[in-house]
Every structure is written in structure tokens, then in C-alpha cells.
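Some structures to go through are shown next.
Same chain, two partners: chain A is paired with chain B first, then with chain C.
== the complex of A and B ==
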């Protein structure tokens, strides 16, 4: 029965299911269809080919898609004269409906936000499944006031680091875990996203993300004599009597934002446990903040939910615990983005 | 569906409430004579940055870095209300400002 002693060699005990969900979150991609604004297409461009299709990682950002997009346009669409004058520092994206797409939102969030926005419009919902998100690429005059950032990978990286630190502060009341990282480690987080490399990102991210180590009740059952032959409890940081300092259920609050169709974005403190000591669930969180859409289960007469929560493109069960969502379903910036779509009358 | 759309509309209404923002200079940044301001909670943080630039008489392009609680730079599209709910200390949202990147 040596399997009981098989723990991760690192100080951060990560269960197999946690790693699985983190990997599923990380590997998620969304289809994008990027079309150059026809009015801005340089003269002599090949007009039949100005559309670029890509499965972009959910955890990535639009500025990180620009290099491959540029290669495609240079190779196939623009002629040499145009390729010389086009400046990617001036590129920016719009949605089909003319909304300016934010540089600093993860691509998965942009996609989910589009899905829930469609849920309030009168388009038939059947055609939404895995449809590419249509983007318009502009080659000049970025509206910096609406983009809020200068359109560059560097400013996107700075914004990402800001979000990591804000998430850190939400969890622990300080940013010691983030500021404790060496410069090379901080850069490694961004490189992991740029390269879409799970191991590179998580080598560092595991130092700031809460663990979901099993609690003692899931350890070998008492009375099982074989457990005496495993490591003594004192050798294992997660089964001793000291509470798990880095555990998902010991954070001050979980970094969560709620996105409603066409805005606003709501953020509040989301403790992992409720006052009665029970884990805080997504359902109780939503019925507290959006009672008109998620009526409390105690309401009389009982009302049906009018909306659904979408996290990383998945309709999340309302009994999911927010602490678990924070450890397994957060984006690369540490935030759990809950997009609210409206249920259609059936 | 109509009921849900009505619910959404009610959540879209802008909160007219104001919250107190306290500006604190860091490093060589000039100190403000008045540093407590009431700011409409539904404003985005971007509006706070613009307000601060105006109060300091900063010209476009002059460097200004802003942080919450000496810890992190918030996203410019986050609202003052959201930041206040999560990070206010003793009834104030503390905004630090610096002419050089400090905790970036």
C-alpha cells in the first residue's frame, strides 16, 4: 500500500484532478475569423484571401496573435510596397458589431462575452455553437481612449502582471507571493502564455495559486494499519494538524468577476466559506449578487433561474465551490471570469 | 425572456453613490494640498487617472503610474465601485501615484 505515500515531490501538493482541470482550462481554444477592414486594405492586396482563421488559446491575448497574423498578411495578402509601410503598432481589433476589443482581456473572455451578448439578442441560439468569433482588423489610428492601453504586447504584459498582483492581493491581503518571484520567474509566466506552454507557466504559477490538497478526511482511513508504514504525518505538510496555509479554502477571498451581457462588470469579495462554515458555492454567490436572475432557493414560490453562468466556455454547475473554481478554473491571470447568459424561453 | 431582460436593465443602472478616494504621493511625485475626493462610484478607474493628471497639471505624455494600496495597478476599465468594495481601508480607497514605475 505504498501508494498512500506517493505525494508530489514539490512543496505544492497538487492532486491529479486539479492538474487535469488546470490543463483542460489551459488547453481550451476558441475559433477566430480575422478580416482586414476592406476600406483599409492597401492597394494591390490579394482580396480573395484577406481572412485569417485561427484556433486561439483562451488564456492568450490579442497582441500575442498579431505576429502570426502579420506573417500571414505579409506572405499572402499584401504586396511588397504595402508590407513596407504597414506598422503593427497601429493595429487594433473590433467585433463585428463595432465594439472595440480590449487588448488586456484574455481571448477566452472576449469569446464568452460575445456568447452571452448574443444570448440577449434575437438571433437563433442554435447557430451559436462553436461559431468563429468574427473580428475586424484595423491597420491604422488605434482609438487609445477606448482601448485604454497602447496596443502593444508590452503594455498587455504589464496589464497582465497588474491583474496577477490584484488577484494575489484579493486572496491573501498582500502581494508577497507575486513580489517574492524573481524577475525571471515573472517573465516565465508571460512566456508560458506566449508559447502556450502549460509546464512553463505552471512551474511559476503554482507558487502563487492556492492548492487543493486533499483534507485529512480523505487520507487513509483510521484503523488501517498499513498507513503506519507510510510517512509519518509530521513529514507531510498537508496532512499534519497545521492548517494548509496555501489551501484554496484558506484564502481571504477568491478573485471573481461577473460579466453581464453588454456590461457592467461586477466584483466583490468572495470568501471561500460562508459564515456557517460551509463552502461558498457559485449558486449562493450568484443569488446574493444577482437575485433577479438567480432567485434564492428559499424563495417562495420557488422561481426558476433566468440565466446561466459560463466559465471558460463551460456552463458551470451552481453547486461548484468558489474556492475550487479559483484553484482550477481561473484564467492565466488568476481570475475566475463568470459570464452570465440569459436562458431562452423553452 | 422579458423578465430576464428587465432584470438585466436593473443591474445596468448606474449607481449614483460616491466614495472617498485618498491620493498619496510616492517617491518624487508632488504632494497634493487636498488629497481626499468624493468620486462617483460608477466611474472607471481611467477617469480617476485622468482626474489626477488634471489636478497635478500633468501634460499628455508626462509619466504617471497609479496603484492601489501600494500593491498593484488596477485595470483601467475596472470601476471605482468594484475597487472600493474589494480594497477600501477605513472608508477610503487609497490611490498611490508615482512618476516612475514602482510596483509594476
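== the complex of A and C ==
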């Protein structure tokens, strides 16, 4: 495979690196420690064994973890009488701090959101390793003033498809790419998530997700990038090659949301390039929307790092290009979720 | 942030279903994705429990003709002519509470069509646009519901 070494701002724009980052994002997992609320454990259940540990994919959803959780509880915790009255539609999850977890959020987002919320509360752990997210599972009476209704896998799928279409709309001003998929293909996206199968998901997603690489006929099989010949990225204005119609730098806006600790979710237009023609960076975007946390220049106060952006559990560099993030580090639903954490006084 | 908390209407016995009083909260929120106003609402029965989509769709809040042949699931109300569900669940953009909302994906085209019929001067444009938006909304939602009972 020939890789052009370029002095373009988009250093990572080969097919292989796009696939690499997509795979890294896909394979990301977070540790969950789930225990049933002790007050709700059925009378005859085996206490002491009621804690379930799972390394859950970031791109998955809580309703998709429920089946294996249920199997575990049936085997180990519930007796026959209890098992008969179990109703998963009434199950809901609570964080250690009492927050109700949204079942329609990707698990990675739930985890990162918890990380940044912890960053504003009591002394955060200085440990580098990821602490398990401790969840309490309730078996009944979901708080309908805080949760959407009917958290089944099917509802989750519909919520997911809605997000995919919205992302499509943000990028192109229409949803033709999503609606152009056959029903079986659309279902394939969700099946890929349900079965956590990278190839199955990307077989379809590659048709709707912008890429940073010029050749877009197919997403290469992982590890087999030698089969493709790469050309210079079409984002480079000097090449004179035909603009890549579906390229990440040609979208009108990148689907991005900003999550503040215990705060609202911010969303605004995120053009891939700025008026001066240079790629829009994460730092520039954050300076525009959160100038007090991310001052536009080093000559502005507060002259020290106050906050950091967390994307897929990684502290993202401020010079990352938003178009690239949209192509390589979005969640499975197409959205780049940026969680803003605060740095404590050192 | 263009959220307007419109009204809270407690409505006695205007529906013949199991609930004897209904609380309806209605909001206008700005949709960042579609860059138009969107209508959000919640409907609760007397016990405080949110009403199901089936009851919502049958309630006086919606004109029966406005909800055509549609596929109702636990999560949303879908129609065959749109990529997006017509009526869907979602978090209120600023309150973060669970709501239903009328999907704003077709708002711009519908309102623009209305605006083309209306002649107006430059500086009245924004207000006229909102009026047209309310007209469009008023064809789907009975905005007077709850008021005539008081």
C-alpha cells in the first residue's frame, strides 16, 4: 500500500487509519458492576452473589445488557417464584450517586458522563485505570418523570435509528443516505450493535458515514488494507482532484453534542471548515461555545487548563479536526459526544 | 434559547378514557438539528403517570384527521411518508425531562410554503414566520383544548 506523506492538516486520512480508529472506537468497553437493589431482592434469593460484572461495549445500550443480566440473576439470585414475576420492561438503573441512567444513551456516553460528573464533585480518584461504573438495578416502578417509556430492545432500536437519521440530516440537509438503505440494511446496523459485530455494522454504516479517505467504494476489511491504493486526500485544495462528494470535509455540519457535568446538552452547527478555509478544530469549536473554559488564545485568562474534552473515553487533543472526529470517532449512532470534565486544583 | 412554557391545563373529564383528569404541559423548544421551533409536550393522568401513546393519540390534544394511517409502537408514531417518526419520545432540550414531540423535520418546508402565500414586509418576517408555524401546528394540535373548559 502506498501512503502519501503529506503536509496537509489532515495527517490521518488514509483508509487504513480511518478503519483503525473506527475499530478502536468500536472495541472500546467500560466496566460495569451491577447489583440489584437489596430492598428489592426477592425473599428467597441468594444474597452475596447478586453482583454482576460486565465489560460492556461503549456502542451498546443498557437494554441490550438486560438479557444476559437476567440470565445471570435467574441462575444465581432468583428462585423459581421470583423468576416468574420478573418484568424486564420495569427494570431501570441508577448510578451510585442516585442519578437515573438514561436507557437510550449509549453505554460509553453514560460512562463518560459519569466521569465528568465525578470531576466536579468530591476528590476524584487519581488512579489511571478505569473504575467500574457501579449501577443499582431496580426491578420495578421506573421513574417516569426522568425516563422515557418502555425500555425494550425494540424501543432502543427506534431511538437509535432516529439518531442515525438526525445525524444524516445534520451532515447533508437531507436523509437520503439513510432512507436509501434497504430495510434489511437498516436492520443490519442495529443487528451489528446487538451482536457487537464490527463488520456487520460497518458493511452498512460505510454507506452513510462520511470518510476521510478519497476512495469510498467500500470499507476495506480490517487488517487487509494492502488491497487499496490511496490517493491524496481530496480535502487538500492543491490537488485539483474532484471533490469527494461524501467526504467528511464536505458535510455542512458534523453531528456533535457537548455534555456538561450535571448540565444541559449543547448542540449547534459544527462546520467542517472555517471561513478562512482551514479545518475546524475541536479547540476552536469549544472556544466558541465555552470560552471561559477554553479561552480562545493563550493571551486570554485564566492562563491555565481548566477543563478537558472526553470523547469515547479519551481526552481528545484540541487540534483534532471535527470533520475527522465525525468520520472516525463518532458513536455507532453517528454522533460525536464530547463530555467536558473539569480539572481540579492541583 | 427559545423555550416558551406555554400552558399547564388541568382538564376535567374531556376524554372518555380511564383517567378523570389530565395534566398537559406544552413547550416550544428550538431544534438545533432542524433549526426550527418544535412542539414538545407531556400528558399525565390523575395519578401522575404519563399516558401511553395510544391514549395520547386518541386524546383531544390531536385532531383525529392529523394522525393518519400510522404505525404505533411503544416508542413512537410513524408514518409511511417520512423518514422520521411523526410523534416521538425525547428528552426536553433544556429541562432534560422525558417528553413527546412532533418531529420538526418537515417544519421548514411546510412553513415556507405558507409564507410564499403571504406577502409581508421585511421587518415583519420573523413574526409572520412564527404565525405561520402556529397555523401549521394548529392543524395538528388543538391549541385551544383545556382552555374552553375553564
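Basically, the second predicted complex is superposed on the first by the 294 of 346 C-alpha atoms of A that agree within 3 Å, B and C clash if a C-alpha of one lies under 4 Å from a C-alpha of the other, contacts with A are read in each partner's own complex, and residues count from 1 in each chain.
Just so it is clear, contacts are C-beta pairs under 8 Å (C-beta built on N, C-alpha and C of every residue); 3 or more make two chains touch, one makes a residue touch a chain.
Just so it is clear, the structure is predicted and the values come from calculations on it, not from any experiment.
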Put the two structures on top of each other at chain A: do chain B and chain C fit, or clash? clash
Now for A:155: first (chain B), second (chain C), both, or neither, which partner does it touch? second
Between chain B and chain C, whom does A:264 touch in the aligned arrangement: first, second, both, or neither? both
Which of chain B and chain C A:102 touches, first, second, both or neither: both
Which partner does A:144 contact after superposing on A: first (chain B), second (chain C), both, neither? second
If you tally the residues of chain A touched by each partner, is the higher count for chain B or for chain C? B
Touch test for A:344: chain B only (first), chain C only (second), both, or neither? first
Contact-wise, after the overlay, does A:115 reach chain B, chain C, both or neither (first, second, both, neither)? neither
Once the shared chain is lined up, is A:169 touching chain B (first), chain C (second), both, or neither of them? both
Tell me which stretch of chain C runs into chain B once the two are superposed: 7-15, 25-33 or 115-123. 25-33
Which residues of chain A are in contact with chain B in one complex and with chain C in the other? 102, 148-149, 158-159, 162, 165-166, 169-170, 175, 179, 264-265, 267-269
Contact footprint of chain B on chain A as seen in their complex: 102, 104, 120, 148-149, 158-159, 161-163, 165-166, 168-170, 174-175, 179, 253, 257, 260-269, 290, 292-293, 306-307, 342-345
Can you tell me which positions in chain C touch chain A when the two form their complex? 32-34, 48-50, 52, 73-76, 83-85, 88-91, 93-94, 96-98, 105
The chain A residues in contact with chain C across the complex are 102, 144-150, 152, 154-155, 158-159, 162, 165-166, 169-170, 175, 178-179, 264-265, 267-269
In the complex, the residues of chain B that touch chain A are 1, 3-8, 10-12, 46, 68-69, 71-79, 82-83, 85-87, 103-104
